[in-house]
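Dropping the structures in below, format is structure tokens.
Shared between the two complexes below is chain A, which pairs with chain B and chain C, respectively.
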Partner chain A sequence: MDYSVIAQYFPKLLEGVGTTVELVLVSGLIGTLLAIPLGIARHEKNIWIRALPYAYIFFFRGTPLLVQIFLVYYGMAQFEAVRESALWPYLREPYWCAIIAFSLNTAAYSAEILRGALDSIPKGEVEAAQVLGMRKPLIYRRIKLPRAFAVMLPAYGNEIILMLKGSALASTITLLDLTGMARTIIARTYTPIEIFLSAGVIYLLLSVVIIWVFRIVEKRLNPQQSVKIA
Partner chain B sequence: MTFKKAFAAAMVVATASVGASFAQAGDKLRIATEGAWAPFNFIDASGKPRGFDVDIANALCEKMQAECTIVTQDWDGLIPGLKVKKFDAIVASMSITEDRLKQVDFTDPYYTGGLRYVAAKGSKFDTSRAALKGKVIGAQRATVAGQYLEDNLDGVVDIKLYDNNDAVYLDLKAGRLDGALSDELPTYEWLKSDTAKGFEYKGPAFAKDDKIGIAVRKGDELRQRMNKALQEILADGTYDVINAQYFPFSIY
Partner chain C sequence: MIELQGFGDQLLAGTLVTIELALASLLVGLVLGIAGASAKLSDNRIARSIANAYTTCIRGIPELLTVLIIYFGATTVLMAVASQFGYDEYIEISPFAAGVTALGLTFGAYATEVFRGAIQAIPGGQREAGQALGMGRMQIFLRLIMPQMWRLALPGLGNLFLVLLKDTALVSVIGLEDIMRKANVAVGFTKEPFLFYLLAAFIYLSLTIVTMVLVHYLEKRANRGLERGI
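After this line comes the complex of A and B, so read on.
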């Protein structure tokens, strides 16, 4: 082990951490916003509302994230129409391609998590709301979504951690995230053990922060942990 | 001849022959190449590694009378893999550099290359430092070209580093890159292909002292054996035959 390499290149690794955190935060946010309507649609009984989100989730859960990134980054760029469209200034950038792929991917998983949570809400609660004369949108806003958010938190925290680790794939499309930075440093120093070990420790620390944040939010949303929904 | 003497003589012969057969039939080598550097090393339609590097490796193995298996490994895992004995030699068009010599030993060079820019035909792409300012240039990570950009043009051009050269070409075609810096010879092969229509070399080749060698572990005696075999294939014309299959000019 050559500790001087770690010390020398640590600031570079931290630069990569910035990109990684940004990728996870931005695509996590976009993904969640997409997941709410998708999850609700999956929860609905009407087949016409359910079908399209189902196909979307089926595709994004059934294919590797790496393939999705390559499809967005290299795949779309093959088409003349895409290269001449108004979106090209964004699609040209690996950063936005990664954001698109990660957002769509995490939206699919999060929507499934939300659907599961919505399905688990006891019928009686919804019926009670109906008896009080609440309409569907109001029931979602007042009863179903708040209950579902509390239920889905642990699974959703898991998804964010999975995405943190998935973000390492951004390095395959020239982004210098934590993994990309580590690989570029190793290309120069040939010290894979030292640098990857440091990167691994940083990923662990980031995961710990995510776990910690979710624990706090969970405590707030579920003050009585004992009343867990089966 | 006494029995004792005869026995001793027999022992000597036996030991010698065992030693010899050990060096021949029992000599198994694993040789790594990358598989994404046509025409030097690439994966053919049936999934086998082929190319100039592979042919040279096989010719050397024949001279050394070793049984060789060619394996492929992603570029940035080659030297780490060699060091942990996943394979015994790297024949992957690897340039002999100061940095790499700290990690591995190299044989004598088996060819010499240079660097050269590539960009769209007719595009304004002057290769002087001032003219390159602000351009987006792609190269493969952990290569001489990539490091040339980092060492000489960091902050001048926007450097994009890729996992392999195919990805560089893809992005050059997609228009994400203004130009690419790569080794002149593999680019020669790419420019001949249909996909490269509309691209050309820009500026002359430079850094033409890029000696390409075979990497082996530090202190491994395989280095001497490979050097000897290399001299043999150069002397008996095997090298020229292989060379001619890929380039109409000598690359040694």
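After this line comes the complex of A and C, so read on.
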């Protein structure tokens, strides 16, 4: 082990951490926004509302993330219409392609988690809201969604960690995230063990931070769980 | 009809490699999972902490990074070990071997938790009954715990195998001739990325469906004789 290499290139690795964190935060945000309507649609009983989100979720959960990234980055450029559209300056950037692929992917997983949480809400609570004269949108806003968010938190925390790990795939489309930066450094220094292991340790620390944040939010949203019964 | 320009059988060959890789990793992962679960549940403090370190590290590091560490790192480590024994030739491990090791390690880490949960779900009285009948530890594990644990672990293992199947795509990054790699080659030649990556996606999707059907059948078989739902 050559520790001087790690010390020398540590600032570079931290630069990569910045990109990784940015990717996870931005696509996590977009993914969640997409997941809310998708999850609600999956929860509804009408088959016409359920079918399309089901197909979407099945595709994104059934294929590797790597294929999805390549489809967005290489696949879309095949079409003249895409290349001549106003969005092309964005779509040809690997950064935005990674964001698109990650957002669509995490939206599918989060929607399924949200559906599970919505399904788990006791019927009595919804009936109580109906008795009070609430309409569907209001029930979603005041009862179902807030309850579901609290229930789905642990599973959602896992999903964010999975996305953190998935973000390493951004390095395959030339992005310099943590893994990409590590690979670039190794191409120069040929010290794979030192640099990859440092990158691994940084990923571990990032997961620990995510777990820690979710534990705090979970306590906030589920105050009833921390009440001790004497 | 879709024009594959002669890459159809190439993709088929890639599919076979993907299946081989997935099954080989499954085997390694199952062994590691059972070993890990036994270590986590044992009275031995050292075994417990080794198992904990193993699952924490593997689950916190991106799969892509694990694959890269094994592929590039194992060469360095093997050469260092071999030089101790006076062997100074260049050693290279095949992408397949590296893939099986990396994916097996990953599957094993997650399977450890699945097996641990399943073993713990079996009432302690059963173990005591085995002891009362004079069975040894190995006999209790093989004849009492294993057959019952299998049923409880199956749903979790099925999900893990689906994840493993998708993770095999990562091994294409180190040059294994799997579906993804074949698709890359086809894209380089035909300049039709969307077609070939979408085709790859559908191959993975069909593998997913086949797995789901198989797991469902296995679960049904494992649950035969047990009343389901009241």
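In this section, the second predicted complex is superposed on the first by the 225 of 230 C-alpha atoms of A that agree within 3 Å, B and C clash if a C-alpha of one lies under 4 Å from a C-alpha of the other, contacts with A are read in each partner's own complex, and residues count from 1 in each chain.
Here is the rule we use: contacts are C-beta pairs under 8 Å (C-beta built on N, C-alpha and C of every residue); 3 or more make two chains touch, one makes a residue touch a chain.
Predicted model, so just to flag it, every value in this text is computed and none were measured.
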Touching partner for A:184 - first (chain B), second (chain C), both, neither: first
First (chain B), second (chain C), both or neither touched by A:172: both
Which superposed partner A:83 touches (first chain B, second chain C, both, neither): first
Contacts of A:116 with chain B and chain C, given as first, second, both or neither: neither
First, second, both or neither for A:74, with chain B first and chain C second: both
First, second, both or neither for A:192, with chain B first and chain C second: both
Residues of chain A touched, compared between chain B and chain C (which is higher): C
Intersection of the chain A residues that touch chain B with those that touch chain C: 74, 77-78, 172, 183, 186, 192
Contact footprint of chain B on chain A as seen in their complex: 74, 77-78, 83, 92, 94, 172, 174, 183-184, 186-188, 190, 192
Residues on chain A engaged by chain C in the complex (per definition of touch): 58-59, 62-68, 70-71, 74-79, 161, 164-169, 171-172, 179, 182-183, 186, 192-193, 196-197, 199-200, 203-204, 207-208
For the chain C and chain A complex, residues of the former touching the latter: 56-57, 59-65, 68-69, 72-73, 76-77, 162, 166-170, 172-173, 180, 183, 187, 191-195, 197-198, 200-201, 204-205, 208-209
Complex contacts: residues of chain B adjacent to chain A: 76, 79-80, 83, 99-100, 102-103, 138, 141-142, 146-147, 160-163, 167, 170-171, 174-176
